[in-house]
Amino acid sequence: MKSKLLVLILLGVVALPGQLWAQAPLVFQSDFGLKDGAVAAMKGVAFSISPDLKMYDLTHEIPAFNIWEGAYRLKETAPYWPAGTVFVAVIDPGVGTERKSIVLKTKTGQYFVTPDNGTLTLVAEDLGVAEIRKIDEAKYRRPGSEKSYTFQGRDLYAYVGAYLASGKIPYEEVGPQLDAEEMVVIPYQKPSFDGKAVFGTIPVLDIQFGNAWTNIDEATFKKLGVKKGDLLSVQIKNGEDVVFEENMLFVNTFGDVAEGEMLAYLNSLLNLSFAINLDNFAETYGIASGPDWHVRVQKAAP
Amino acid sequence: MKSKLLVLILLGVVALPGQLWAQAPLVFQSDFGLKDGAVAAMKGVAFSISPDLKMYDLTHEIPAFNIWEGAYRLKETAPYWPAGTVFVAVIDPGVGTERKSIVLKTKTGQYFVTPDNGTLTLVAEDLGVAEIRKIDEAKYRRPGSEKSYTFQGRDLYAYVGAYLASGKIPYEEVGPQLDAEEMVVIPYQKPSFDGKAVFGTIPVLDIQFGNAWTNIDEATFKKLGVKKGDLLSVQIKNGEDVVFEENMLFVNTFGDVAEGEMLAYLNSLLNLSFAINLDNFAETYGIASGPDWHVRVQKAAP
Amino acid sequence: MKSKLLVLILLGVVALPGQLWAQAPLVFQSDFGLKDGAVAAMKGVAFSISPDLKMYDLTHEIPAFNIWEGAYRLKETAPYWPAGTVFVAVIDPGVGTERKSIVLKTKTGQYFVTPDNGTLTLVAEDLGVAEIRKIDEAKYRRPGSEKSYTFQGRDLYAYVGAYLASGKIPYEEVGPQLDAEEMVVIPYQKPSFDGKAVFGTIPVLDIQFGNAWTNIDEATFKKLGVKKGDLLSVQIKNGEDVVFEENMLFVNTFGDVAEGEMLAYLNSLLNLSFAINLDNFAETYGIASGPDWHVRVQKAAP
């Protein structure tokens, strides 16, 4: 009996402080770039809270202050991380204004720590809002950071994110609950079908390859009754200006058309997208992204 | 007796699921860049398979579709990682064509998960082919990815790589064996000696510093009978055009010549290379890399 | 009794080799960029020494050969990592010259492994020198690297850093002690107050956002008797040329002024800094950084 007890105690000592105590991944996103020490300062703060944290980067190359692109990159990536993952997303043009700091828990069980400025518009929509809490900044803030007002990624968001991911505090502890309607969201044109054509925007580019990704999802697109190999008529406008208007084949993937040919396809998020096989569509036609970039797609006249 | 058994059982429970069960490192390479969520989506898929995986990046800045440069970066880096390391390398211009997906096991015991498009040309040569297997895509593919055709890095390669690195499946399980001769390789000019000069190509630049790295290895170079401090005559051609033709000293390293002076040296892979001390050789002389860049080196006339 | 002993032995076997044996974080900084395999080669060398190492990146985008900027990024980041952290910093324009290789232990208990070329100027000053040791390169060098002279980041610094961070050797083992005065430091103008104005330099830019960071610390700045909301007169010179001379408000943070307006504030290191809210100050006014960029700040005439 005595030796059994000893075993259990010893095992407890061994198991509890170490890696065996499962920790949730902590994933960082920002517009800080990788040229200075800002990202490493955030990770140092998190490491100091729990050396066993598993930290990852989503991207730190969001264009400066571009909340919309940050929102999209979260939406693009979050579904591939398990429940419990804590995302710290810091695109914070409003640092020092009255904006709140929040933690969203989605219906899929992921957490998003961020300034309340629209960054969570798309994950809230796609993954569902389970609960939103306002961070109690008086309580959860890096000790010694009281005089620092400009780097809340390090002093607040990484700090809170590390406490959550390490399990040192439960979600309910970060601060009082907020109504879902209080969270800031960025308005944008939803995909639609008018009986003849589908409409949407280009929220973001597949930037490394120059493909244009629309927000026209598979279900909306299917209303056109198009099948693989059909010819589409595609119009792209920047505000009122028609920037692009041509026909292209709807296919599965790049290799389905010859090198240098245009294609329409469902991208890795199953949204309608446009590309040139082995070339850069966006650069070739001067196409960018954002809420002002509108797309109309219909079957090409035979 | 009873307590001993209990101890063993408890220890098993503690040890097996945790980090104590050694996992091989999983190293990613791609041409995805770091501006969007593509790399993080791959890591999320891998993390979901095993939260204890140790993930690293080789580079994600391979120029888009440049299989050759990807092949070189693998060759440059793989020897410094231990046996068992799993590399996931995704430069995939042929996504959607009939190309196979493979896992190479080298004689050094490392694994390379990749489309069969030439990416493994140089590691197969340097590290030796122990075995090649074709991935059974029907079996090992991210569940739910059936409608996605354009992001096999996430849906296939990261998925298979994570299964291998975590030890959840043995190598033999990924699919049927292939003949080594079936693997796609990129032809290129090997280093040679004609009795008077050595010949080779510039497979890649040491891009951050602008040094030109040739594929002329130490053994081939030694045939010139050159020793430290000797003057070399170096000619560099792009196809048939002579781009550079000058003399430079052969030395150990940068600090052996004055600032702004050219040098020839054996680089960190022990291949002959050209540089300007504290300046950018490639930029200064308009030199790039690839199979079309030819080098001829001989002793300078006294 | 016997079973207790067995338990202890078994626990030892389980606990010792694994993660439970706390390892210090290993943080890399270099001017290698992220486009090739150099960083991954360093990590592979470190991983081969201890697979349980926790590796992080400070930045690898220090401009080539810019020791000063490397020094600043270390100073900016190191305070946020715990005692015991091992930094490997490789900006090494003098590779192959007679420069030493050293490990600094600061009074805060952090370690810095680097060529002795001024990289540690600022952390030595800020964190205090506890001890400096010269690396015994005959003893602690990657086996097989004897013919390689150009990549000491991989062959020496990552190797020594991994031995230290993993606890495989104590600090005292790396080599003989050096006098603190022997370490190379970069001279620069310290912040000062002449009774009317404060003076300093712009050691570095907050590069992603284009803010100019001075080395004028809070204590020096306070000598001006300025309070939040006061107007400052700011002059910036490059050598003898006046590049900028205007008034701006001293506030807490960006949100305290309107979009497009200039502000002076204490940055995340509590040094005086200049910015334009939601715009790029350095780009707008053609301001760069380095020891030649001088700043004079005083209260604006009412």
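All chains are identified by letter, namely A, B and C, in their written order; residue positions are counted from 1 within each chain.
Heads up, the rule we're going with is that a residue touches a chain if its C-beta (ideal position, glycine included) is under 8 Å from a C-beta of that chain, and two chains touch if they have at least 3 such contacts.
No experiment lies behind these values; they were computed from the predicted model shown.
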item	value
Turning angle required so that subunit A lies on subunit B, C-alpha fit (0 to 180°, nearest 5)	120
Same or different contact residues where subunit C meets its copy subunit B, judged by the half mark	different
Between subunit B and subunit A, distance of the C-alpha-averaged centres to the nearest whole Å	30
Distance from subunit C to subunit B - Cα centre to Cα centre, in angstrom	30
Residues within subunit B bordering two or more other chains	3, 7, 11, 14, 18-19, 34
Subunit A-touching residues of subunit C, taken from the complex the two chains share	3-4, 7-8, 11, 14-15, 18-20, 22, 25, 27, 34, 54, 56-61, 73-74, 76-77, 80-82, 85, 204, 206-209, 218, 251-256, 265-268, 270, 278, 280
Of subunit C, residues touching subunit B in the complex	3, 6-7, 10-11, 14, 17-19, 31-41, 43-45, 47-48, 51-52, 55, 64-65, 93-97, 147-151, 154-155
